[in-house]
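The structure that follows is given in the form of structure tokens.
Think of it as A, B, C and D in the order they're written, each chain with its own count starting at 1.
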Amino acid sequence: MADTVPAFAHGAHPHHEVSFWSKYVFSTDHKMIAMQYMFTGLFMGLIGGYFAYVFRMQLAFPGVAVPGFGLVSPAEYNALVTNHGTIMIFWVAMPVLLAAFGNFLIPLMLGCDDMVFPRINRLSYQLFLLSAIILVISFFVPGGGFGGAWTAYPPLSAKAEYSLTPLGSTLWLVAVTFEFIAFLLGGINFVTTVMNSRAPGMKMYDIPMVVWMIVVASILFMASVGPLIAGAIMLLMDQNLGTAFYDPDRGGDPILWQHLFWFFGHPEVYVVLLPTLGIVAEIITVFARKKLFAYKTVLYTVFGTAVLSFTVWAHHQFVAGIDPRMAHIFTITTLLISIPIAELMFVYIATLYGGSITLTTPMLWALSFIATFLIGGVTGIFLGASGTDIYLHDTYFVLAHFHYTFFPITIIGFFAGITYWFPKMFGRMLDERLGKIHFWGTIIPFNIIFLTLFVVGLGGQHRRIYDYTQFPDLARFQDLRVLATVWLVLMLGFQVVFIYNFFRSMARGEKASNNPWKANTLEWSAASPPPHGNWSELPTAYRGPYEYSVPGREEDYWPQNVPG
Amino acid sequence: MAFARPISTTRSTAGMPTGRLAVWWVIASEVVIFGGLLASYIMHRLAHDAWTAQAAHTNMWIGAFNTLVLLTSSLSAVLAHKAAEEGDGARAAKLLCATIGGGLLFLCVKAFEWTIEITAGFTLQSSTFWSFYYTASGLHAAHIIAGVIILAFVASTARKNLELHRVELIGLYWHFVDVIWIFLFPLLYIAK
Amino acid sequence: MIRRLVVACACLALATLGTGGAAIAADLARGEVLFHYCTQCHGDAGGGSLLARAPAIAGLGEWYLQSQLRKFQSGDRGTHPDDVGGLRMHPMSRLLRSEEDLQAVAAYVASLTPSRPEPVVEGGDSARGAVLYTLCATCHGPEGAGIQAFNAPALRTTNDWYLLAALAKYKVGVRGSNPRNGTAMLMRGMAMQLSDEQAMKDVVAHIMTFADSK
Amino acid sequence: MIESLVPAASSYAADIDALFTLIFVFVGFWLILCEGLFFWLIWRFRKKEGARGQYITGELKSETRWITYPHLLVLVCDLFIVVGAVKVWYDVKQYLPPAEETVRIVSQQWAWTFVHAGPDGLLGTTDDITKVNELHVQVDRTYHYKLESTDVLHSFSVPVFRLKQDAVPGRVITGWFRPTQAGEWDIQCAEICGIGHGLMGARIYIETPAQHAAWLMQESPISIAAVTRTRPAEE
């Protein structure tokens, strides 16, 4: 393999003048597509954050017009929470973590010039963009946006007379389905690229962990989303063609959707978790100057998690009217999944042992992921145990739990990744001081908000309730709700620091060298930012990605592409 | 803008051409879509004995004929692949046209069959069995239509002796669509 | 510049003139804001929605709107187990947190242009209905405009499907069997006079002719 | 832990709270251990001039045991939790003690209808008491509920009972509860059911036998005569 290094690598990409359209809009370059995914995802993230602001304000000050929105009606409230969830998972976590970092990193880390199917890659982004546009349109159609929760349980989602959003629910479903298809196409591309296009000399165990994680996530997505696509087609037909797949009055079964949804929905958590775990692995090894503890164990654990994640879905349905005996099985499988995840956390903590740790901004983000995700992980045990789930199901305890997982995954994972790879993406360094202000301004409010919500959840407060002051027993938590809202507004405010830092550094930041962090993986051997085709001569890999602090070497890192 | 195929497409670390590898992944992702639909159908079917009586109204002989048509068309796809391997693009194109013919015949028979059923009063809304019947066979028919379009495209390039590896790829897809029908036929027509 | 001054002066003058009506205007403005709560079901112009089983309410008498909202809030209306629409409205009425809010919304809805709903109920004989309607006319007026003195709301500005459903509810006692709701009990007695569904359809068909003639 | 926030008013509430505390102890131990170790490592191995990182692969047996033993311990903790969870779940959801009275619960957009058995203690008789958004039960009496829905999914949730059960249209789901403490508390709908979901609340009135009898008398004065004859003894 190693003797087939193509010496003509750049020859396939003749330089020619390209128009604005073909450079930025219809580009097939994986880096440009990654940027498209990222900026679309971030734009959707702003919408999702705005929605969170509006409904948190409504909860803290019910009946008061929200500045920047107006009076929130119950229908709007439902649409806001529904689309906040949908957007944050399908239009932020997926495109940013999986598609943006996947597209950017896979060819660069594998030492190839592009994805194997650049045009399919572009098509997948375009489908994704289309799905985002359809979703945004769905907020403005008569009747308003869909308000049946991101889980879209029928019959509420299936019948217009129940949801009162005839067009909104259909458009929502169409948007989600398109998004799935976009990520199926993208995932096939990722997996094929990693299987077939690694740099000469790069063996299975030389692949950087983040690439492995993205591949496993793509396969996991592919294997789990199929039934839900079938389910979505059935739901679309129920909505518009008068079928009765989910209508109990005419021989259907509403629980069927729940099974199809959560058969996908639970693995989906790992689909977004794995890329972030990978990003964190890259960052902590670089800034601790340490080899990743037990690379193969991590890999097998991830495979194990992926397989196990298919067996736990019904823990979302303990009280949904399934056979009570099934709860025992799913309690066991759910608690079993705590073992691989605990193992991963142990590995990450163990990696810090014996390191030489520098607390740069990316490292702070990566470490805060571990610290907060631990809380998210352990609180899941309460919900996986059927006995306590009877009480905790659909309370704010659940909400706080999964925000303690999804926030580290999506938001912290993104910030860790972007602060780490920013020099490679844009050729300039981010401002460290602003980065740290933004870090503390995000991480402190986040913890205050959701620790508060754990408490109100234990107090019996349920999710998706428009106005808690209408419930005499819940009205007494109003101060805590105001507290959470105030800190949310503060946290959103601190994002301005990031946006300023991002765009200012992009234009005027300090120029970055090719390898500012002294990292090993192949992308740091390319120019910053990498040109079309990435390298003038495609690299060869000689060793694994985590050879830091190798004894006997003068430097404490040993890039994969350096012979010897 | 002229499209230059990247070097990464030409690599094959896994020991399989990139195109074939990707088609296998496409098939894998399609398998779970149909798998979800059929699993839902089977679960319902087991829970509703009454469906047996409704399934009795499907025409097994039409279904059997369509099975035969599809299997035959798959055979010509195999022969087309063989011709493409030998570098005979013109012959491969002809054989692919035979496959297209099979696909179109299948669709015509399907249209005829649905017409009979709808005029007999069995529509999409009649019952959940018929909803499943039309959804499953409709989704399958959509795959046949897509397959026929791609087959036509591949045949037109193969005739010029270009991109002959695609003959194998579309063949793989066609066999997959065929296999799906092998599952649908007993589930919807024979089990009564 | 001069034009701007003129405009400013005019505004000032109008504002001074308008202070007398400010209380009412503020009420209407508040009501318009609060009406946002109602539009998902009752429509942007209060024209009703068959999908949501919500009747047209635009232009109903302010007194009637107030009294019904109060009844919904207290549970005197909309708490019969079979009153599907009422059970939906009962919690919604609690969105109005104060008497001022309730009055503001009622004032605003009353100020809306009454809708002229399209008839959707079929099979009603308006000629037969005219005869039956004589009983209704006593309270609701000969043209169905409603008479406040008899606590009788206007009929001709609401949807025929809603009138039919309401009559049916009265007849079987889904409405008008709550002793705390006297006017409804009175109406129930009247609805009992209609012998069957056809009679109700006929009356409704007749009421819809008022809407046309208006 | 939970009872400091919400009173426990059913026979199994304490079991669920105890299970919660058990899990809290286990996961609290692990969380503190991990976070403590984590922050200590960050501090201990901060970058120092002249010091390099150590080269540890984590592939050797002597190294992997640092993660193998802890995760075996996690497994042991999981076993305890599974046993506790299964036991509580069995008691609350799977096992159905004989009913002293049955109440029918109908959920719809956006109201709860409770059909109480009335003075004769039997459902489906003429003296049934139907109330919207008001559930009246008596302490120390075992109830079965028959949960129905007429339109979409709802979820019957009584936080003071620690009870939650989804209502599924087309099904009647049976469960049980036994109130233990008199008082008046919230019932919430815990499954999104349309635009009024956030306003779909009801109240549960848990009454002493005397209060309950008074309520029965107030709701159905006519059949009071029957009470003393057909109703089983209060104690």
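Everything that follows uses one rule, which is that a residue touches a chain if its C-beta (ideal position, glycine included) is under 8 Å from a C-beta of that chain, and two chains touch if they have at least 3 such contacts.
Everything quoted here is computed from the prediction, not taken from an experiment.
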{"item": "Chain labels contacting chain A and also chain B", "value": "none"}
{"item": "More contacts between chains, A-C or A-D", "value": "A-D"}
{"item": "Distance from chain C to chain A - Cα centre to Cα centre, in angstrom", "value": "49"}
{"item": "Interchain centroid distance [CA atoms averaged], chain B/chain C, Å", "value": "58"}
{"item": "Separation of chain A from chain D, taking each centre as the mean of its C-alpha atoms, in whole Å", "value": "32"}
{"item": "Touching two or more other chains - residue numbers and ranges from chain A", "value": "73-75, 164, 467, 470"}
{"item": "Contacts with two or more other chains, residues of chain C listed in rising order", "value": "40-41, 91-92, 94-95"}
{"item": "Touch relationships between chains, expressed as pairs", "value": "A-B, A-C, A-D, C-D"}
{"item": "Chain C residues within the chain D interface of the complex", "value": "40-41, 75, 79-81, 84, 87-88, 90-92, 94-95"}
{"item": "Touching residues (chain side chain B, partner chain A) in the complex", "value": "1, 3-9, 11-14, 16, 18, 21-22, 25-26, 28-37, 39-40, 43-44, 47-48, 124-125, 127-128, 131-132, 135, 139"}
{"item": "Touching residues (chain side chain A, partner chain B) in the complex", "value": "1, 6, 9, 12-14, 18, 22, 26, 28, 107, 110, 112-119, 184, 187-189, 191-193, 195-198, 202, 222-231, 233-234, 237, 241-245, 250-253, 256, 260, 263, 533, 538"}
{"item": "Chain D contact footprint on chain A (complex, rising order)", "value": "73-75, 77-78, 147-149, 153, 155-156, 162-164, 248-249, 254-255, 288-297, 318-321, 324-325, 327-328, 331-332, 335-336, 338-339, 342-343, 345-347, 349-359, 367, 370-371, 374-375, 378-379, 381-382, 385-388, 390-391, 393-395, 455, 458-460, 462-467, 470-474, 548-551, 556"}
{"item": "Interface residues, chain A side, partner chain C - complex", "value": "63, 65, 70-71, 73-75, 143-144, 160-161, 164, 166, 467, 470"}
